[in-house]
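Letters A, B and C mark the chains as written, and numbering starts fresh at 1 in each.
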Amino acid sequence: MSERVYTVVPAPRREAIRSMAKRGERVDGRKPEEFREVKLEVGVAGNADGSARVTLGHTKVIVGVKASLGQPFPDAPNAGVQIVHAELIPLASPIFEPGPPDENDVELARIIDRGLRSAPALKLEDLAVVPGKQVWRVFIDIYPIDHDGNFIDASGLAAMGALLSAKIPKVTAAPDGTIVKAEEKVPLPIADIPVFVTIAKIGDVLVVDPCYEEELVMDARITFALTRDNHVCAIQKGGRGSFTPEEIERALEMALNVAPRLRSALENLRQAGAPQSA
Amino acid sequence: MPVYVSSGQVVVPGELVAEGSYEVHGPFVASGKRYYAKVLSVAVVEKTKQVRLIPLKRVYIPSEGDLVVGKVIDVGPTFWLVDINSPYTALLLVSEVFPKPAPQQRELSEIFRVGDLLAAKVLSFDFAHDPLLTVKEPKLGKVARGLLVEVAPARVSRVIGKRGQVADYLSETLGVELIVGRNGRVIVIGKSPDNEALAAYVVTRLCEKPYVEDPLEEAKKLVEVAKRRWSA
Amino acid sequence: MTAGAGVKLLTEDGRRLDGRALNELRRCRIEAGVLKNADGSAYIELGRNKIIVAVYGPREVHPRHEALPDRMLLRCRYSMLPFSVAEERKSPAPTRREVEISKVIREALEPAIFLEEFPRTSVDVYIEVIEADGSTRVASITAAAVALADAGIPMRDLVAGVSIGKIEGKLAVDLSGIEDQHGEGDMPIAMMPRLGEVTLMQADGRFTREEVAQALRMAREAILKLYEEQKRALKERYSKVLAAELGEEQ
């Protein structure tokens, strides 16, 4: 109940946001198709194998990647393992409560997991060290630390930033199956760089990258994960409202338009040889 | 008998502010004749051996008779739960609504719904009981339109000023109606969105600084600044 | 058996592995007011430790039956992000260690707070360790006190903490991860710096009576340095805001 203090939008404010949307205006002065400025920093958690912090408006998300050797999944014995975990910790917003993951934590983790997996971001087959026995298990942990809307897109960027900046020990398997870890570190094998773009529907209007207040008054949202060659590699519709098929096509077009700009920050990271700050 | 701070200086809780015959106003802790800050504050040293500590952040604590702007967050069988921007959520009982709804039309959400803004008065509050509100007086009740401006509750009295001078001045010069809630919520009702936005700007700016010596003068300055901005 | 066997923590000339003297703190940097949603917040870097703290409150207690009739309820949650540790990924579920540390941190902060000011409310302190390198509980306390002050919570003093360890038979200030792991003892201490009163004290390892007394003196000295950084962080944060407000109008 107490979170209603924060989540109930005053009626005049709700009306104002909805009528602004009709006029093509937004609460923070953006255009409907405009993504907020993105800040991407890597190497923010030195004990992680890779890490990144993304700032999107006031939204801040930290992602850390840790890899360890372990057993493969029985249904994919010759591939590495990707595990995505997300936690909406109470530090980030008065509306989050401590406790075991709820449906929102799980949904966020699973959207990111699907987008990364189907792109695919990681070449999981290259992460098998001794096929069937020893593979790299890559944990991707997502932690929002300040909430101003659109955790999905920010988390996707931070997850990719963390993966691109990650370094793991170079390992070799001796013929007898023992594994030798070298001092030398190598980047993770990356196949694609998917980005996530979320579109909110406010009345009849579609807006890209909703801020928190827009999320509170929106009817529904839809997220597309997009590969480098403009394929859709994950979709998630959320919220109580609905979309017409035409709206979904329009939303996808909006997403495709902003994706290259979002990806360029990640591409730069890759070209820079993914330096990890100390 | 020294003073250890200067005007405009930020002081942290537990910091020694003054000693001896100084008079300290605002939240402080005394130990003998030594005065320490109790909350994060800005110090203002006044000429007559006085130090004023102005808290940088302070929550709204309701007080009987305060006009507040509340937000309905739940509807019960005989009451509404109203958020008043305070750690203490308020109750508005059906008996405090005029005209009193007949028992058969007690579908309370037909009167006030979740999300509605209310101009209300605090009937009673002590720390043992939740604050009770009333909307039975003239000018109280649902706020149908207008722009909501949120400012620091500790500074909102500036928007009213001595004997309402500042509020009167702003209403007249800017052509808006103001509902100034002691809980830091101000409603600006104007003839046009532009008109409201200008007034909202002045109200926001007026409450930004921790200390303003003459709110009316400050308001006049800000109106000039705002008018230049809006005409540019 | 001595825990330190095998790993040399002090050089011939008495320096520690990172070059510090025995009574030397690692570089400490605190930033106040770093989050938008929280009522108060702080970020601390102590050596390689990186910790963020958010404070929410005073606010209505949830669930309501936990509310106290005569004072506010202080709650603390210390947690380490899964990738914050040098070892393998830590499970995100709270460990017994985190539960205990949350409790002692709360009890380290409580003496400094005027709890009776806002009855039936809560103040929640959320601590997330982003990168850990020894002494995280005391660094968390140092940052939490800044976040509480930043939230406008009434306090009689700040609280700052430091760990005193025993390495190769000598007392040392502010243990790093490797010193904690291979040293002979760890004694985290927190104090209200102005009042000089101890609000947290724990120890593992063996210490003589004289060593306990010496540890308290060393802690006091280090805590006063941390206190200066706490004050700087709070003052700088708000002096900047004040300057910006005054400047813009001209």
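Basically, a residue touches a chain if its C-beta (ideal position, glycine included) is under 8 Å from a C-beta of that chain, and two chains touch if they have at least 3 such contacts.
Please read all numbers here as calculations on a predicted model, not as lab measurements.
*Asks:* Starting at subunit B, how many touching-chain steps does it take at least to reach subunit C?
*Replies:* Steps on the shortest route: 1.
*Asks:* When the contacting C-beta pairs are counted for A-C and for A-B, which pair yields the higher total?
*Replies:* A-C
*Asks:* Could you work out which chain's C-alpha centre is the most distant one from the centre of subunit B?
*Replies:* The most distant chain relative to subunit B turns out to be A.
*Asks:* Roughly how many whole angstrom separate the Cα centroids of subunit B and subunit C?
*Replies:* A distance of 35 Å separates the two centres.
*Asks:* Would you mind pulling out the distance in Å between where the CA atoms of subunit A average out and where those of subunit C do?
*Replies:* Computed value for the inter-centroid distance: 31 Å.
*Asks:* With chain centres taken as the means of their Cα atoms, state the distance from subunit A to subunit B in Å.
*Replies:* Whole-Å distance between the two chain centres: 40.
*Asks:* By the touch rule stated above, which residues of subunit B touch at least two different other chains?
*Replies:* Residues 89 of subunit B each touch two or more of the other chains.
*Asks:* Which parts of subunit A, given as residue numbers and ranges, touch two or more other chains?
*Replies:* Those would be 1-2, 5.
*Asks:* Of all the residues in subunit C, which ones touch at least 2 other chains?
*Replies:* Residues 59-60 of subunit C touch two or more partner chains.
*Asks:* Mind pulling up the subunit A residues that touch subunit C in the complex?
*Replies:* The touching residues are 1-3, 5, 44-49, 51, 58, 60, 62, 64-66, 68, 85, 87, 89-94, 97-98, 100, 139, 141, 143, 145-148.
*Asks:* Looking at the complex, which residues from subunit B come into contact with subunit C?
*Replies:* Against subunit C, subunit B makes touches at 8-10, 12-16, 27, 29, 36, 38-40, 42, 55-59, 61, 87-89, 127-128, 208-210, 221, 225.
*Asks:* Name, in rising order, each residue of subunit A that touches subunit B in their complex.
*Replies:* The touching residues are 1-2, 4-5, 8-14, 16.
*Asks:* Using the touch definition from the top, list the residues of subunit C that touch subunit A in their complex.
*Replies:* Contact set of subunit C toward subunit A: 35-38, 48, 50, 52-54, 56, 59-60, 62, 77, 79, 81-86, 88-89, 92-93, 124, 126-128, 130-133.
*Asks:* Flag every residue of subunit C that touches subunit B in the complex, lowest number first.
*Replies:* 39-40, 57-60, 69, 112, 114, 118-121, 149-158, 192-195, 230-231, 234-235, 238-239, 242, 245-246, 249
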